[in-house]
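Shared between the two complexes below is chain A, which has chain B as its partner in the first and chain C in the second.
And then the complex of A and B:
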């Protein structure tokens, strides 16, 4: 089987100790929580840190609770917890659903919400063994200086492939980051950057400690739609998160729509308020929003799937997200 | 424990008087019953020992260095730095094993490690033995290989057209070195009958390659001991052929080589020939004097491959007005990958095995297997005939539509029937194809569904046939294809020694059922020791669906000898005729008076006292001369053929192109179901595998010759959530040659999966997906194309009224 490289595994009990280890071994250390992303990546020699700092035993990184008008989710809460926690299901059903679609039950039991936020970007030329990458010629995301997706490209276009961040963005969530230098809070939308090599604002010595969600406004309607080849295991090859705030029963106040799984960061679809705000949610608006999303999304061949089809599915899955919230509100009525 | 107590224990477990009377009413006591597999409990509780579970004292771990180039000459190899690394015990290269090998004696074109040239990314170049895998991996990095890359071929058409740097030396000077095999056969006057056909349909089909994805990766351990005897434990399905090839390549006396096949975690044809790791563990052990293990990574399993050949198939089919097939004309280009493997046979199979279950007045096929710089293709469940079956069954659907005939009716009209010969002169005896068609037609409520379901939903049908073993072995010889030796203990325990390969299909269980049936001993009194070349008589291995058919016949032959001795001895003791003595339910008893009986162990003891030590050998060899005497006529001839029909019901999402296969009805003529549960398991497993190839699997390569994605995350096999509901309908035609009338069930039921799904997609949305797999982008693109033509008035609206045209058209 594929073997891991040699490394030292640290199991601090307290956050301060964990952060200190990340500082002391800077440049040769990574934090690890569930390890469901990092371990296979280490087997592929995409990361070869000499030290791993386990966050799983660290106090204070757990709990799903209501605090100061927000819901706080500890970064080490498993994806299974997020998918099933009553608070999450009550306030953020699209988040619970998105978490429930990740990988398979074993991986959801092991993987964490913090880890999902920090999931490494993915690409058909990157998520391969060392032998494979060496045979092809290393790429600019790891060990090399060329892009195999965009010939002559200088920016990495590996895809953001996590399920929960698009939803978190539509819900206005933020993340707490801690390091030996202190803590900071950053909006999940701002957390991501368009660089496939390292697509988050997290610095290597920082740890995501919690996810904070504002209480949703009354009548917020949400949906998450995931396109994947199989009904389990697979990463999204396109994901759509939708949150529609209503001014009243029929009138749209604002629409937040995030499309991901295509490029290095989740794409928040812009210019929707001009289309929808103050209007009734009818087929015309839905088509206009779907068209807007389609125009703004341009998938590249970072996976081996027909790009025209993948792009066409943006429209379809945006429509389906709307259809989903409509059928849910009908069911509620 | 005293002997009396032992006997009491046996009596407690033996059948009651009432049960014995009931037993007399039945034709069989064990055969046909829904019994557990003999290895079921140990497998389901994780106690089965697979090759990688074996750890020997002092064992080293081996790794193989693989070529990063698709096509290159090896200029030099320098292993000195690797050898200098602490913990490294040996490094070997191609020059250590220069004797070429190949599963077919006519096409030995592989080396245990490449000698002068690499032919695909992943080809083995050197091997290391070290104290652990980590050290072996580090050693690989230290081996310096100088390559001179040459032009490589990924497209078989290009390899055919422009063999500037041929992958192999031409068979004869001036020939194209990229041609692996060409077969051209014609039966009847195809051109004349095609000309005279009232309906002709023609189309091109492309079958993308797929691989086996057995969950157990290949693994082998070699141990060359101080006495000069080599033992190789390997996850193989052909221990006998491996035995021979190891001795030949390593230049050892075959009598000093032993091959043991531990439990195998799936094979599906992917372990049916020797692989580099088996030679390497042996040679590395010879070099170090210590046992050496190599376990492939999943990536290496993809490189070892031997999966289904990509095939580009052009088919013309002509029929008369009533739908009778007048002529079939097939032309196929096969992408063989870097080596021959079974390719010679595959090339024949691509044409020879589609002449049933239909009568056709004339038939011609022209198949060319081409080398390319990719992992070598070979046999996968339904060897060589799954691809053309896709083509021919979709052709029949096209024909049915052109004629306005129900596609089940069309197949009925053309059914070949039993006790006859196919157009290519194969002898066909038992044939339950019509019953299979009837079974799926009724169970699926076909008549109410075909062309009657709403747009987006459809049903499809397909039929097929397959061989129950081949009439001829891989190397020409007149010896039996399978043999069994039975050994009987005084306790009543019986051990079956047989070279047959249990690879999950249930051959060990079948042997146990047969002994239990013939000798009347309880199932757990039977031990099966299989596939150990030092201990078991030769069986040729688990390929071509031959195992239960052949070792089953051998086992019956052996068991009946012992049975006769026991009946005679008991008859003499009771003063009755031996015919009056029955063996069943743990007893020997008098059929006229079931009260007159003996525990089976005592009956065995009587026989042992009367005849000496009990034991018997039995063997099976195939009937010859049941095929045409043209060149190639032996390839594809089988002592018996199985028949299958599927109906599939599915839904196509026209917005996305996703195909949701909801249900597959599988009817299979297995002759007789020795254990219906095992037969159903094979039917479902086969249909599942075909479904996976239809919808998801794609063994493809990047431009550089690298495998697209050699991992189980990216090579998509269905999860349990993706798998459709399946209903197995067993048809029993009682074959005259098979054990108790049984025929194969392990491969045949796969064949109709793919075309039945293709035909159902057509019924659902009116598009013919002629290229595999039927992935969402392909189906969606085809639907878009049809919509455009419908709107232009070139095609009728498929299953929709004009007002329904407002279904959203997606994309630009």
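And then the complex of A and C:
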């Protein structure tokens, strides 16, 4: 039995009311949507706010629609809705697929796309009960000042573990944030920072209100692959999102590849255009891209899995993403 | 702080006082006495606390109770009708799909939701629908067989017990 700490629960109907509550109780309040990440974390005493502001009752945070040449997804749309929405399936199949693989069916019913963007980073030494963490000695992400992953480390290396952000980055998506000070739009890639303690650009009093996706270029081929211990429930311990823009049926225009589940920030693999742009998508290119990804990824022991093996899997999962793209375009032909 | 809320569980309306930091599961078990939904991992991993909220399978152990206000909650106690057990309950009995029984209430709820959406679920659809419900006894095979039996019985408008010789 994991008891929650006492808190007051607010359920505003309007976004303005929610933002006001976040301002009034600043320092002692958190927004909550699906709660599938926050509730277990509170039960582990990783967060103990005196006030929770529920966003589920705010009507303006729903809807999946086409607007101004973009697709807008309201932050409170459930992951089940994102996975099954016709607009998402039609334009962004890799996003629909990524959402459909998150955790388990109930978590997808409750968890939201906005919440998935704001998912707290994860680490073996962090996602544990207060009792467990106290027994080992607290870590620098919460309550302590040492890192159990990197001896002598001063920077938290807990892993970004959400499924949709890597895909959103490959699709060039951005997120709208709102606070009492106003609204702003930020690219999903820029939304994340390399600090495991708080790995997003969201300030505590800000709320993600929507995700915006540009219409994909014609012939964009996408895939999402992930590695986890079980095929359900578990968070990814490695995830690969791939989007290949084609100049024509055979020639690559550009490749966007994001690898995550390893460190605090989803890693956009660089220097791929030198390898692939203007060339035919063949086994040689795929192997060169997989090698480039392998070189740029350095997983640490933030979960109890052999780090060399996890790194070796980067190559394997990048290859699988390409194979997935190839088999889909063959099926379509 | 105690909050007074109104909760509809299995069609019955309850006006109750609950600590404002209670989950739906804690309210069901410790305030209202619906102990069918189980408190397993208590952090959203195991599925034994699964209930329906407006027909949608939901983990009650990580749902703040306030989020259930104004919605219809169905627990395992609400599955059986006046004419006897739900077809799934009958089928689970016949197939031996419950061993220790701890995961069973959550499994029944998730399966009941599947059968409401699909008349003839494939084995893969059943596996996916139950992929958030962990069972450490059965190895799942008998659970899948029971769901298939219940689905067949529902399609034929009969009781599972009428389809199987015991």
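Everything that follows uses one rule, which is that the second predicted complex is superposed on the first by the 333 of 333 C-alpha atoms of A that agree within 3 Å, B and C clash if a C-alpha of one lies under 4 Å from a C-alpha of the other, contacts with A are read in each partner's own complex, and residues count from 1 in each chain.
Methods note: a contact is a pair of C-beta atoms (placed from the backbone, for glycine too) under 8 Å apart; a residue touches a chain by one contact, two chains touch by 3 or more.
Just so it is clear, the model here is predicted, and its values are computed rather than measured.
Could you tell me if A:313 is touching chain B, chain C, both of them or neither one (first, second, both, neither)?
Only chain B; A:313 stays clear of chain C.
Counting only touches as set out at the top, which of chain B and chain C does A:247 meet: first, second, both, neither?
neither
According to the stated criteria, A:8 is in contact with first (chain B), second (chain C), both, or neither; which is it?
second
So, A:32: does it touch chain B (first), chain C (second), both, or neither?
A:32 sits against chain C, while chain B stays out of touch.
Between chain B and chain C, whom does A:124 touch in the aligned arrangement: first, second, both, or neither?
First partner only, chain B.
Touch check for A:232: first (chain B), second (chain C), both, or neither?
both
May I ask you to decide whether A:135 touches chain B, chain C, both, or neither, giving the answer as first, second, both or neither?
first
Which of the two partners, first being chain B and second being chain C, lies in contact with A:194: first, second, both, or neither?
neither
Need the overlap of the two footprints on chain A, from chain B and from chain C, as residue ranges.
Touching chain B and chain C on chain A: residues 1-2, 6, 104, 231-233.
State the interface residues of chain B toward chain A in the complex, per the touch definition above.
Spelled out, the residues of chain B in touch with chain A are 66, 68-69, 121, 133-134, 137, 217, 295, 297-299, 655-657, 696, 700, 702, 704, 706-711, 713-714, 716, 718-722, 775-778, 780-781, 808, 810-812.
Give the list of chain C residues in touch with chain A in this complex.
That would be residues 1, 3, 19-23, 39, 42-45, 47, 50, 56-59, 61-64, 66-67, 110, 128-129, 131-134 of chain C.
Would you mind writing out the residues of chain A in touch with chain B in their complex?
1-3, 6, 104, 124, 127-129, 131-132, 134-136, 227, 229-234, 304-306, 308-313, 315-316, 319
Mind listing the chain A positions that touch chain C in their complex?
Residues 1-2, 4-9, 11, 32, 35-36, 39-40, 43-44, 52, 54, 56, 103-107, 109-110, 231-233.
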